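Presented sequentially are two complexes of chain A, the first with chain B as partner and the second with chain C.
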Partner chain A sequence: MIDQRKKHNFKLYNIIIFIVFVAFITALDLKFLGDDYVRRVLSLAAIYTIVSVSMNLVNGFTGLFSLGQAGFMAVGAYTVAIFTVPLEKRAAIFYVVDQNPVLAQIHLPFVVALILGGLLSALIAILIGIPVLRLRSDYLAIATLGFSEIIRIILTNAKSITNGALGIKGIPEMPTMWVFFGVMILSVTLIVLLINSSYGRAFKAIREDEIAAEAMGINLFKHKVMSFAIGAFFAGIGGGLLASLLGTVDPKQFYFTMTYNFLLIIVLGGMGSISGTVIASFIVTIGLEVLRFFDEPLTLLGFNIPLFRAGFRMVIFSALLMILVLFFRNGLLGQKELSWDMITSWFNKKTLRRKEKGGAL
Partner chain B sequence: MGILKLDNIKMQFGGVVALNNLNIDVEKGKIEALIGPNGAGKTTAFNVITGVYTPTSGDVYYNDKKITGLTPDKITKMGIARTFQNIRLFKNLTVLDNILIANHLHVKSNFLSHTLRMPWSRQEEKNMREKSEMLLDRLGLLSLKNEIASSLPYGEQRKLEIARALATDAKLLLLDEPAAGMNPSETMQLSNFIHDIRDEFQLTIFMIEHHMDLVMEISDKIYVLDFGELIAQGTADEVKNDPRVIEAYLGVEEDA
Partner chain C sequence: MTFEIFMQQLANGISIGSLYALIAIGYTMVYGILRLINFAHGDIFMMASYFMVFSMVNFGLPWYVSMVIVIIATILLGVLVEKTAYKPLRNAPRMSIMISAIGVSFLLENLATYLFTGVPKGFPDIAILTQAISFGNISFSVATLVTPIITLILLYVVQFITNKTKIGMAMRASSIDFETARLMGININRVISTTFVIGSGLAAVGAILWGSKYPSVMPLMGVMPGLKCFIAAVLGGIGNTTGAVLGGFILGMAEIMLVTFLPSLTGYRDAIAFIILIVVLLVKPTGLLGEKVTDKV
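What follows is the complex of A and B.
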């Protein structure tokens, strides 16, 4: 069968792409390619992918509206920060207020602290979810935004635990980019497996029609809490990775505006599309770096262009988000997943009807 | 003995009394119908039975167990499934996914073992798929299994909604106007279809319907509701000749 052969080819393409990807990251990692800046940006994109894909699980696949990603990341980041800084460095970091004597004794391996951070995030999500997820879905947005702010206030004030506004420095850095990319591949794989399981179908049923889902015997509350907590778990993992990428955490990093990055990513990639989200994570993370020049003062032909100053990047960013929501609501892929069939048919359509406007894009 | 019993149900929305002193006793294995003019309270009665609304007073019993106040998912798990007056399929999902979702209530292993594809979860998933495909095959929908639900013709969507309710393994099926929007020949087919599934799956069927030919032909017993009150009950002939029924229907002839 021709179809069979086509499928075979596609499988081969997938393997080739995966090998190219692994080779590329390894080359970067071994410093054959790129510089530290490129390595940092790509690692950041890997972390953003984890958080965005898990946010899409909650918002795109289950139809909830959570805006708590920054808060959950803060929980994961601080867990890693508090428990992985070497004991002998603690006193120098907590020089204004002493670290809590119990915590000052505890040092955990990175992996343990990372998972603990994820679990703590999930636990907090369950505590938020139990009262809020019984209510109409819009309340979750308000509650999670509130949570993000409360977390920041706690981080600033619980000085014996978090070192307050000074933040925690000296978080051990990772020897290889593969920590970030490995966890990214693992996380995305797990979320894809979940979405394609019976539980994932139940999530989608809730997104499609809550009343019908409940009439089919699906416990709405239980499944919403489940999805929300799983999303929070991976956001916590993403936060833990961010802490070790940056080597330092402080409360200002987890301003709730950070959540809008992930919102932009999932809207751009397509609510309900994992492959779209992965692609959009890299586009947006790299794009935000490119846009950084808007934040620098710019002098053109002797004139100081007044718009170019710190914060202008975010103006452009917000405008992009608005344009996206107004005109390209389905994002890159809508609810579909990227497939070779899609790519070949897209090219065919392009060559056939060159002048006609493209669909999803 | 009745499989479903409504005992003195009153359902009040603010000042509107949608159901008043409603007593219904549906017998196991029968096809019974609930009729009445628009706004009589028929769908409200279904919503009370399935737990969408908790009645202001009175109780609902299923197999002699009180189910008043239970959530809709618990009631479905006990064996009552429904269709909706305005079709409520999972529109953007495939036909097969719609059926698989209705199997989820039987899933025993947790989300972790399903995510990690543990052997027992794989088995569960495999059984679920086989059972769903068998059901689709039996109902003549198997060739459509990969179609998106909303792309199906109207009649097939109605059928799929019944199939989805069946997939929950319910023993009591509540159908809210299954023939709405169908032409006479489609309605005839539906009548046979309802009969067949009742026999094959040993169901009890309680349905709301406006097509009088269908109701009269198929029902073992008919309840007539008007302004939230039960005004008549009995066989097709008994109900047809009841003066109060004639009055209720003549009074709203333009709507009916």
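What follows is the complex of A and C.
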């Protein structure tokens, strides 16, 4: 009886939290709250959530070590950039080398270009996956890292398509933050549904023990390629959103070190925990913005502290990744998901401990 | 194209190939024993270049003294990386060790950017290596000629260590079966440290020769050579030192020949290695000289 009521309460809590979240974002969106900077950072966090959750699907749930997220994002971002810039603006952007005459005629709505970008990423993932995923998954790390470098080389050199190092400017901006948060909610829901399906169970089986999984009749190759391609699809979508958030793309944005942001996020959140990844995405994205003061020279009481100068933030960032993986390998949530049971038991433990202490005194 | 240009490029290809070979040996040995892609290897190579800059430019030491100091410092760095980032994770899931390797590499890159700024530094001029000698119309720097010779000598030394010494025997045993080697009383930590000593030492030699050829030192200079040399190691058959050298030579030649014969594709020079990787994995995943390894259950 009591259990039943408790469960009911939890459902109510979930609904309340969801309403608060929607109200908060809507208030931000209608400019009741915050400023443009806050809106931008939160939208970025939403995009990082999409990409990190997709990376966790590959790395955390399937056990493949993929480092191609930045490359797949670049594919999505450039697809959106190439097809959504208004036709009349194109000549001004491609002023060094003319745009490919076929592409110069095509203009697609944002949603179509976004999905096309995701599909292209997935296609490339399949092309990389077919030779590489038949073997030990170590090679995937090198192949994906190499891929994100090659894609940058191609973006810089294929000037008639991508405008080379100059990048593409003037990508239409989105009227509302709900574009980012809506896609985030949709993508995370889809990935959660996938993980809880029979495919998801197969992914986890592969992660735990490839040989045992194969013995249970799971087609290793098929499932690995599938997980990798789906991960790439969502990374492409994230890249497309990033292009429309920033309004401009250029090859330098998608340097492979960008992938390490997502790596930090999934390690912090817990490899194999969706809720952990979502929380960590917001922590890391906001943290990276807050930590910007580390890069500024700091003067305390008239003394110039020499530690604080350009690059310090990234040192802290990478040291944090090392500390996490060496000492807190499970991150925030390990392979568990955040639930009300977990929160209540955590609080109970705390109060219990306090009571015990009180008793001893 | 004239014969002279071709010869010049051939020499370039051989010398760049042997630089790749020097770095690839480090990858292949670590992978052979730990089954780990040591992502930090390229950055250890980068740090070695910086050590050379500091030793010669800032402290004004002569090149032969600097060389010894740089090799020792790089070896210490390599062993430090192993002890702090890889040793604590010896029994951890493979994924954690890979992330740790990525983390160390990223940390070294960021530390270098922070400490030495992203502005490229000039590599000190080692007169004995950079002076030009010419045969008819073809002129090379001494470094171009000396690099392949040094590489072959060092390959011989590495072969001697792995095949003829006691620690080498321990290395071979560990690379065949880590656990059994340990049961046989092999001090696995010493074996691994030795591997990192050899790998880092070769990376330091590679960095000195590299700097004489491309005299610009940057925090991210190790990334591309690092990735390429791992691919060279895969091409030659991972775990096999002779294979690594062979793979390095082939990769270097392939790059230079692309630039020579198809100058319009020069921008894609860095992409060649990855195309080779994909082809090797499709056609012969064990590499040219590698043996087939089966996973035991």
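The working rule: the second predicted complex is superposed on the first by the 349 of 361 C-alpha atoms of A that agree within 3 Å, B and C clash if a C-alpha of one lies under 4 Å from a C-alpha of the other, contacts with A are read in each partner's own complex, and residues count from 1 in each chain.
Note that a residue touches a chain if its C-beta (ideal position, glycine included) is under 8 Å from a C-beta of that chain, and two chains touch if they have at least 3 such contacts.
Predicted model only: the values in this text are computed from it and were never measured.
In the superposition on chain A, A:Tyr199 makes contact with chain B only, while chain C stays out of contact range. Of the two partner chains, neither chain B nor chain C is touched by A:Leu338. Shared-chain residue A:Leu190: touches chain B; no touch with chain C. In the superposition on chain A, A:Leu291 makes contact with neither chain B nor chain C. Between chain B and chain C, the partner in contact with more residues of chain A is C. Judged by the touch definition given at the top, the superposed model places A:Ile211 against both chain B and chain C. Once the two complexes are overlaid on the shared chain, A:Leu33 sits clear of chain B and of chain C alike. In the superposed model, A:Val97 lies in contact with neither chain B nor chain C. Counting contacts by the rule stated earlier, residues 211 of chain A appear in both its interface with chain B and its interface with chain C.
Interface residues of chain A facing chain B in the complex, by the touch rule stated above, are 190, 193-194, 197-199, 201-202, 204-205, 208-209, 211-220, 226, 230, 335. Those residues of chain A whose C-beta lies close enough to touch chain C in the complex are 59, 63, 65, 67, 128, 131-132, 134-135, 138-139, 141-143, 145-147, 149-150, 153-154, 156-157, 211, 256-257, 260, 263, 267, 271, 309-312, 314-315, 317-319, 321-322, 325-326, 329. Within the complex formed with chain A, the residues of chain B that make contact are 50, 52, 71-73, 76-77, 81-82, 84, 88-93, 97, 100-105, 107, 111, 114-117, 121, 124-125, 128, 164, 168. Of all residues in chain C, those touching chain A in their complex are 35, 37, 84-85, 88-89, 92, 95-96, 98-100, 102-104, 106-107, 109-111, 113-114, 117-118, 223-224, 227, 230-231, 234, 267-268, 270-271, 273-274, 277-278, 281-282, 285, 295, 297.
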